[in-house]
Amino acid sequence: MRHLGRKNNELRPVTIETSVLKHAEGSCLIKCGNTHVLCSASLDATVPPFLRGQNQGWVTAEYSMLPRSTETRIKREAALGKVSGRTQEIQRLIGRAMRAAVDLKLLGERQIIIDCDVINADGGTRTSAITGSYIALHLAIAKLMDKKILKVNPLTQQVAAISCGIYNDVAIADLDYIEDSNAQVDANFVFASNGLIEVQATAEKKFFSEQQLTQMLELAKLATSQLFMIQNQVLLTVL
Amino acid sequence: MRHLGRKNNELRPVTIETSVLKHAEGSCLIKCGNTHVLCSASLDATVPPFLRGQNQGWVTAEYSMLPRSTETRIKREAALGKVSGRTQEIQRLIGRAMRAAVDLKLLGERQIIIDCDVINADGGTRTSAITGSYIALHLAIAKLMDKKILKVNPLTQQVAAISCGIYNDVAIADLDYIEDSNAQVDANFVFASNGLIEVQATAEKKFFSEQQLTQMLELAKLATSQLFMIQNQVLLTVL
Amino acid sequence: MRHLGRKNNELRPVTIETSVLKHAEGSCLIKCGNTHVLCSASLDATVPPFLRGQNQGWVTAEYSMLPRSTETRIKREAALGKVSGRTQEIQRLIGRAMRAAVDLKLLGERQIIIDCDVINADGGTRTSAITGSYIALHLAIAKLMDKKILKVNPLTQQVAAISCGIYNDVAIADLDYIEDSNAQVDANFVFASNGLIEVQATAEKKFFSEQQLTQMLELAKLATSQLFMIQNQVLLTVL
Amino acid sequence: MRHLGRKNNELRPVTIETSVLKHAEGSCLIKCGNTHVLCSASLDATVPPFLRGQNQGWVTAEYSMLPRSTETRIKREAALGKVSGRTQEIQRLIGRAMRAAVDLKLLGERQIIIDCDVINADGGTRTSAITGSYIALHLAIAKLMDKKILKVNPLTQQVAAISCGIYNDVAIADLDYIEDSNAQVDANFVFASNGLIEVQATAEKKFFSEQQLTQMLELAKLATSQLFMIQNQVLLTVL
Amino acid sequence: MRHLGRKNNELRPVTIETSVLKHAEGSCLIKCGNTHVLCSASLDATVPPFLRGQNQGWVTAEYSMLPRSTETRIKREAALGKVSGRTQEIQRLIGRAMRAAVDLKLLGERQIIIDCDVINADGGTRTSAITGSYIALHLAIAKLMDKKILKVNPLTQQVAAISCGIYNDVAIADLDYIEDSNAQVDANFVFASNGLIEVQATAEKKFFSEQQLTQMLELAKLATSQLFMIQNQVLLTVL
Amino acid sequence: MRHLGRKNNELRPVTIETSVLKHAEGSCLIKCGNTHVLCSASLDATVPPFLRGQNQGWVTAEYSMLPRSTETRIKREAALGKVSGRTQEIQRLIGRAMRAAVDLKLLGERQIIIDCDVINADGGTRTSAITGSYIALHLAIAKLMDKKILKVNPLTQQVAAISCGIYNDVAIADLDYIEDSNAQVDANFVFASNGLIEVQATAEKKFFSEQQLTQMLELAKLATSQLFMIQNQVLLTVL
């Protein structure tokens, strides 16, 4: 049994409230237990310089934690004048995950910018951000289809993500902050409906076995299939 | 009559939801019409260098807009690597307003950091931030009193703020974004229960008269007295 | 009586020496007592990106203090790698004041950049900078008229500024550094010949009354009418 | 068959020249085909602030590419004034890998800084950097043991890394730049003698299967066991 | 004959006005023709970190050009967020020159910071800055002696500087901007009463001969001996 | 006799290995005793903004020290976020020296970027960088001639550089780090086959005589004539 009575494969309660931002093409507030992330998808009429004139679009992501999303207040990166390595790593991960969901040719020469702002942090902020970003992205694309800005739907697959870990030698899914801080292995899995998009697993203590990797992978597959259903229910309600 | 049927002295609906951040000593989400600001007050064990060893505390503020709080997405200041002049001006204003509410000697050698993050922007974000920050500050101080970290209450007066303007040659209160963009004069007033804390009035077109300043001041006094009541109702409910 | 024998409404001696910079279209060194500010107006052939193609001009300002303009040497912002909040607030104020003096349509698609560099500081640097900048701006526009770069004079009104305060419960004008450091209320007023351009009043201790605001406003109106005359005398001599 | 006649599981030729830097406690130049990385390990008497007084050490890493290590010259990050997201991601990865090799308690309150500078880049720079960094770290620790600065050897396991990928639907090891640019899946594996330290796999096109992950993992295990032997031969010669 | 009728060895008119800054320990405004530089020397109670506890002082310098000291306005380095290579090169040169004038042991553990701000630029700003900085430094040390902060005079030699060049194949001294822009060789010489402190000579076109270097050196020796006399006259008047 | 038995005019052993970078148009690793510098010359299709449309090319240089090229590890300038004054001074010097070797008109509207990265530092890194950069530049231009990108050879003269100094009152050439740290005068000379390109001499203690300058100049002329021969032998072998 885990510290709040959860089973090893049990997700924290997930809720997704859509259209929380008045101006964004798509947005949601995803709550996975006490981890709350505001996700938005914004249409941008330009593409980055390296893609100009190539007749394709781009999806990119930015991630930030509110200063008091954590137990101890963290300094704003704007005040520090630079974006930390951790932040950059996470926003690159979110960007790759969202690009995997989209046919960039069909998007045309335009960009969708995903913003993920963590309101409350209790472990799994990057995976919650990915699961929520998919909703924001889906809603934004629906709006662009609706407005005839896009003629063909560029979404090619559904995307969700989950963190897993080895904790007391056992594989568990959806770690909260306390579990995360004490895990032997920390892993993040991004799944599409058809297969894997990204695997990241790190030994926090010394090393782990291939078997442990497989166990976490199984938990992640199960968890993301549940998240796909939750995403679909939300989308059914609002579209 | 104003564009959404409001009277010249009529505020937009105000709601204040408290304790929206799990970790902060005090926090609230203030909604003034479609302007939504998340305010938090965090205890910091240290004071800025210029105050060390002087046996007094400090209150400071930081302000930021979520990238998609606005019609057109704005770039993150963290990504740009610097805080804009507008942001600095606003967070200095909020900081001064909050310090006016506190006896810094009674606070002891500790700091309270106010964070204001705009979720949705529709005019009056800085004044809404001040009105909300007072709630976050009040709640934080109540918690510090409760935990016996503070023995004597350092709060000396209540603080609220409102924007006013001259629009079509008439003074109006609580401008939304459309009104703000077209006003001849743009003014912000910070009031304590006993008097003024700050007045800022700017001619957006050429100049204004002393009489117009006085008219706006009257509207602001009325508006902030209403905001004081709303603040007190919220505090009564939760303390 | 004030500490150097001045009356409450009495300005420090004001002198304005023009054309102190060899290259600038317009320049002056304004001395208000021991506050000395070098002001220049430079023609720039381009406008900021947000104004391109809109058939109008722009006036902007930059402000800086020499490292040893103050009692204790201050670090150069260039060495620190960023412009402080105070500096940005001041240069935004100067820019707004100068734009209020100019019909930007008549300026055409070009920019005038005002530079204010404080040589010696003894209170009131931002208001002295505004009063001096008007001279630099006026001289620059005269030169552009002279050279037929401008056909119609875009200057629409005269601008001057003054600081006032409440000191020992009494309203006084043109505070020097010692008065400024001990004032209960600190206010800056920018006046055009026809009315107000900007009012900024801040309680340095707790709060102030509407009556005190009105008293400072009266002093400021009187002071700026004197500054208008001094400006006009200077301009008469050199144009 | 791969484009230069390599088998799917075949590594490029690996050579490791030690002590190429005159001053560093440990250093080597590792060449994996045309990927050449200079690795050094430097003793630093202090630990980062978050570890002070905790009676343990730290190992961290920095990574950089020479401007002309690539086909097209890349700008120096020093000239750009910031470290890119890619660089930060890589140096965090190298740092984690090296920390996994060391008992930080046994290191005492001191830090070892790993520097990896890419002289020539042809794919796999981050994994070559890890394999080379282990040699630099090992040599540095041998020197510190020799000088009696360390009494007990803090090295707990050997570390090497390899990139794998899915290319034309087949799993291959040690991708060069051309293969890497065209791979469907890009993965990096960091192995210790006893198990996995880090797994990172990313779908460059849409998604990949669990079976493909397993195939790459097998190739990586084989490859790193060969790299362990090469590392041991080098160390035997010089220690 | 040179373009304004000067002889090859003839200096432009030099004037030095002292104590132009109210607060600085020492200051002057030096005018060499149309090159005007404000120089100040400020006492700082601390020394840089690398000198702490070594029982010696330091002299350092900062240099800046006012935005409109030049024909075309230059951007403020504070606004650009960094100090240019040219500025750094010049302030390092001024700092070395001033340190050569002072016995740093006798200065005690304190620092003198020289600030050189160019008001008008017409060639030779760095050498004028050095000649003026010596006056500011001398005045500051006289004040510190006067106040008994220093017991023994740490000044060991007098310092002045001049630019020379090869222009139309002829060596000339004290180049103005037009000459400087067209010179074949550009050189700066810093002299003490007893000998050379610094020589910098650069071929702006291809190369120069040893003989040409010697000719410029002779002109520089003559010029700085004149500057020493001017400095001494100024110091005699005010001390 | 010098501390390692060298004569006053004796160079350390010099070796130059060419084409050490796979991708650069020209490159070499120059070793002057224990000072090792990697030099490369890269063709860039654009010129800096100030030269656009002027039908001429540019040569510029960047310089960096590997963190552990020195006895004590130095921080990366990329991590510090800015390029130091020393680095800028050196790269400006290298750039000027290389431009002196090239007829920029003949280069056409393209740029050659020189990169100098110090692998091991033992005094004289900037002069070794210049001597090596000439080789990289020569090789790059040979390649551009070979590829018919250039029709006429823009190289106009050969360039080499050496450091000299006054040490124990005697002039010596090619100082190593220990000599450099204790020298009374520190000088760098850049020579072309036909004459001087740059002279920089600095008194590290108080002052030096014209005679001492002449002695160092003689040593430098002799040393660079030897370096010209070494350069020519290297170029003969590879071209």
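Going by the order they are written in, the chains are A, B, C, D, E and F; count residues from 1 in each one.
Following the convention adopted for this analysis, a residue touches a chain if its C-beta (ideal position, glycine included) is under 8 Å from a C-beta of that chain, and two chains touch if they have at least 3 such contacts.
Computed from a prediction, not measured in an experiment: that's the story for all the values here.
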{"item": "Those chains which touch chain E and also touch chain A", "value": "none"}
{"item": "Taking each chain's C-alpha mean as its centre, the one farthest from chain E", "value": "A"}
{"item": "Magnitude of the superposing rotation for chain A and chain F (Cα, nearest 5°)", "value": "120"}
{"item": "Interface sides of chain C and chain E: same vs different residues, half threshold", "value": "same"}
{"item": "Most distant chain from chain B, judged by the mean position of its C-alpha atoms", "value": "F"}
{"item": "Where chain D and chain E are represented by their mean Cα positions, the distance between them in whole Å", "value": "51"}
{"item": "Centroid distance [mean C-alpha coordinates] between chain D and chain A, Å", "value": "28"}
{"item": "Between chain B and chain A, distance of the C-alpha-averaged centres to the nearest whole Å", "value": "33"}
{"item": "Contacts with two or more other chains, residues of chain D listed in rising order", "value": "81-83"}
{"item": "Ring topology as an ordered chain list, initiated at chain A and continued via chain D", "value": "A, D, F, E, C, B"}
{"item": "Residues of chain C defined as touching chain E within the complex", "value": "20-24, 27, 34, 38, 40, 42, 44, 62, 64, 66-71, 73, 76-83, 87, 113, 115, 117, 119-120, 122"}
{"item": "Residues of chain F defined as touching chain E within the complex", "value": "82-86, 88-89, 91-92, 96, 100, 156-157, 187, 192, 194-203, 206-210, 213, 217, 221"}
